[in-house]
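Only one structure is covered here, and it is reproduced in the block below.
To keep things simple, chains are lettered A, B, C and D as they appear, and every chain counts its residues starting from 1.
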């Protein structure tokens, strides 16, 4: 029988809440909905165990992980009535490089370090990667901070024989994926794109942060859409709209105008409504299983099978 | 330099109007919009020549093909201001099997016979196939009548060393394709389908015919959607709606409800508006080029590369 | 302090379930959502008391009204955790005219008889009206059977000094109302309607019945839409679609194409999703209060203030 | 027979282009589409004559009005193949208060001065009002600059016996009107608004200007929506999106979530696509006719019938 994966998690936000609860639900019911791969490299969703957790907020540090995930501003809903205690007490995360050694000690025994803290603090992200290196663990970075796409860090993981997966999670099912799939279908069927737009609205704290750093994110969205298209200049992305009434939902409006044979027009309008923070857990659990499998089979550095799950894999610009 | 393909066309409806005009536009401008493959087996869209045409309506027989395509009830719009005469006079089509010999004589010189008459007259379709056989031409059937999927006819073409492509054209971009692509994306990303529906509205004569024979078409649509899905019982297709005000447009409303990680809901609503008869020409011109290429390279019988362009290829039920 | 209205109800379907539960919720919380008039003629929503109830189904007859409303095929959801018993036992309804006298006796003490049985049995509806007449009660008919618009019955109520309100409830908020409001707005702002369509989808038993009697309902919908418009010939209604996956929801797709100044185009697309059976209760509770007020103030016959709430008031064709 | 209205126009943008062309089309065909009132106070749409025009751009000054309206950045399409010359040469507008006297002289003979220059230059707007006063003409301000709602200016027009109509045109059919009508319908039918949002996208120069001054406009939109509602805090307006590919179109996405009886949910989603600059002409032509009628009947100051056509009539905040 396969051994469960031992995971240390950095950051205890909505994504981790979805992940922890989904794993517990899988164990309790044997039948979690919305999973990409029930079994991946022999590992089920329920075969993921948490052995350490780090956060900075006073409300989370010192609590059991199963309680900390419900502390505000987290607002991902309860998926399961009685979530058992995890036995893992959330520790204080590192705030400067002098603490790398302390954290490396606390990571002892973990096979995979999942980095899921808020984006925007590259030095912190890299300090945790350093701690993972010292602790002999694989590192998975689901934030947009440059870790796996930093060639120097990748080289050090490779030399140490440790897997390093990242950066930046794709959503399991979101605007970019749907928009891209439709533009691709158009191209495959020989239609000519006339114009297209995308409007993104959301109500979470995370979304509010995005809005305040809007331009970067919009450029990144545009890159995602038009990577393989000759039509980059025909797709427009409206300013992100932070609408608190949407609460933990995200809404997108997509329009596509195109031409078929002889120029006759085709119009497509789409509204997509998703529940925001749950989008990442189904992808994260796959990255964890890929990282554990690579570690156990001594594949060092990056793992190619992760590419469809990442927005900024190694080789993309920092 | 490659020789142009000589095509005889049976039926002079909206589809053929789109085809004839698009080819002329390609020749005039060198840049037709909405083409799947600019060059296929060395043949451009402008490399298709019409050498014979057959119809039954009094308004069309005796006219030049370039005029006949604008006779009512055809209502595909003009794509090009001055369409040159084709030099091909539309002949009277066959109405019973005794005329096969006469038609075979009139097909002399054609490399490909394109069968594009109204669906629903299998014996007529097969009589034209017989005439093509006798004239030594490849046969392309874009109607839903069983020709290529009739094993006896396929055997005879194979024995005669002639290509036979069919049956029933997929649209270049329509409801089934878009709906299928989205259901497939859902599955690929690990979401669980809760329910889905599709509403189809149209305003053409062809659409009115479909509505009157609605059940068959709806079953066929459902088959198309759920062929590769485990979710056949979750997709519903509303009754077709014939709305004359839509004129030559087709409109579809698609709804998809699904669940991601832990059962959190995802909703997707889509409206698709296409110009009806143009949908077929971009696919037809590919089938013609595939058939000509097969004939010229002495590939007999069916050509596998045609499968993505056909609704009922050989092996499907009659 | 005003006296509560004593109501006898005929039919114990989803509409009556919504009504009974909403009234209980108002009493329990003092704050029912979705009410048109909190107080109407001095009567609150909680001032409606049920004193008798009639049904035919074996599962309902003999039970307390508060239990009978949850018997299948009723499927309106529970609005309130603990619904107190009503003290009213559902009696066997009448099945032929010989029972009018029996029912009239059982109506004794009721001020208002609410007729809410399934539509389509005009003789039964009129027999209950006769029983109400004999019992000295006002009559409210929310079904499409002709009672209030039958001039003979209206004359008898008027002569007896009793109010008679009907026929056929408008929904509180449904496709017809929204579509009509938008067409009206268009006209008011000077736009010219080009074309418009409406698609109606639903998943309830009631909706399935409608689909099977589709033509009448579509004509009635069309009448409702175009009563005051010069544009009757520009609005089209697609065939009703019974889609069981929608369960107790109704969905409508509305499209409007119009022209403003100089003929420049305007397009409007709308999707409306409502929870089906709740639509009637908010209107029914107003009709009950209007009828009680009329009875108490000795206004006989029809009451003009009811007109906006009815599809077929007196004077419309039977 | 009624005398035509003599109008001097300030600003020669898209709105004036739509107006000039629509009037010519009405005269040529007798049947302009999209007009609110065919005849208003005895005046038809064709009864409006231009007698003077003012602009600042070098491309417009010195040209006949019928040519100047097609100079860039104007991009309102041609409604009429051959627009006759107007006989009015566009003059150089005023740039400071010292030119009021010159302009007043050039206004001689005009009954109505239509102020349609770009918004945002209150002093200029008021200088033209001063010139109209001296010339004895009525003044119509369709921009958002404060003229009619400036009590001091209104008093001077009233004392001079001259009509003054403004400020800021409502669109003939736009997002605010449709959104407001639906929120009003909801309230009228007794539903409780849960939340609502509005997204506005556009591609014109005017729209780009709005985006750059976004906050004011959004507040104004919010005010317009919630003036009569108790629900001001439930409506959210997403940031305006300038999407050049939309060219002269405006697109809005509106969502409304509400509750009916007992709290059961109702959802409404709407997409509205309009042709931007034409929205104002149908309203402007009514304001001109109201102003002319008032002048001819010696009604001084504001005219109440204009209120539904204005966003900021007298009494609103400046």
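Odds and ends about this structure:
The rule is short, and it goes like this: a residue touches a chain if its C-beta (ideal position, glycine included) is under 8 Å from a C-beta of that chain, and two chains touch if they have at least 3 such contacts.
All figures in this text were calculated on a predicted structure; none of them were measured in a lab.
Considering every other chain in turn, none proves to be in contact with both subunit B and subunit C. Looking across A-B, C-D or A-D, the pair that copies the B-C interface, with over half of its contact pairs the same by residue number, is A-D. Here the spacing of subunit C and subunit D, counted between their Cα centres, is 43 Å.
Rounded to a whole number, the gap between the C-alpha centres of subunit A and subunit C is 50 angstrom. Subunit B and subunit D have Cα centroids lying 50 Å from one another. Looking at subunit D, residues 269, 271 sit in touch with two or more other chains. Put simply, subunit A touches subunit B in their complex at residues 18, 21-22, 25, 32-37, 77, 79, 172-173, 177-178, 181-182, 185-186, 189-192, 258-275, 278-279, 281-282. Across the interface of their complex, subunit D is touched by residues 194-197, 199, 201, 234, 236, 238-241, 243-246, 251, 253, 255, 269, 271 of subunit A.
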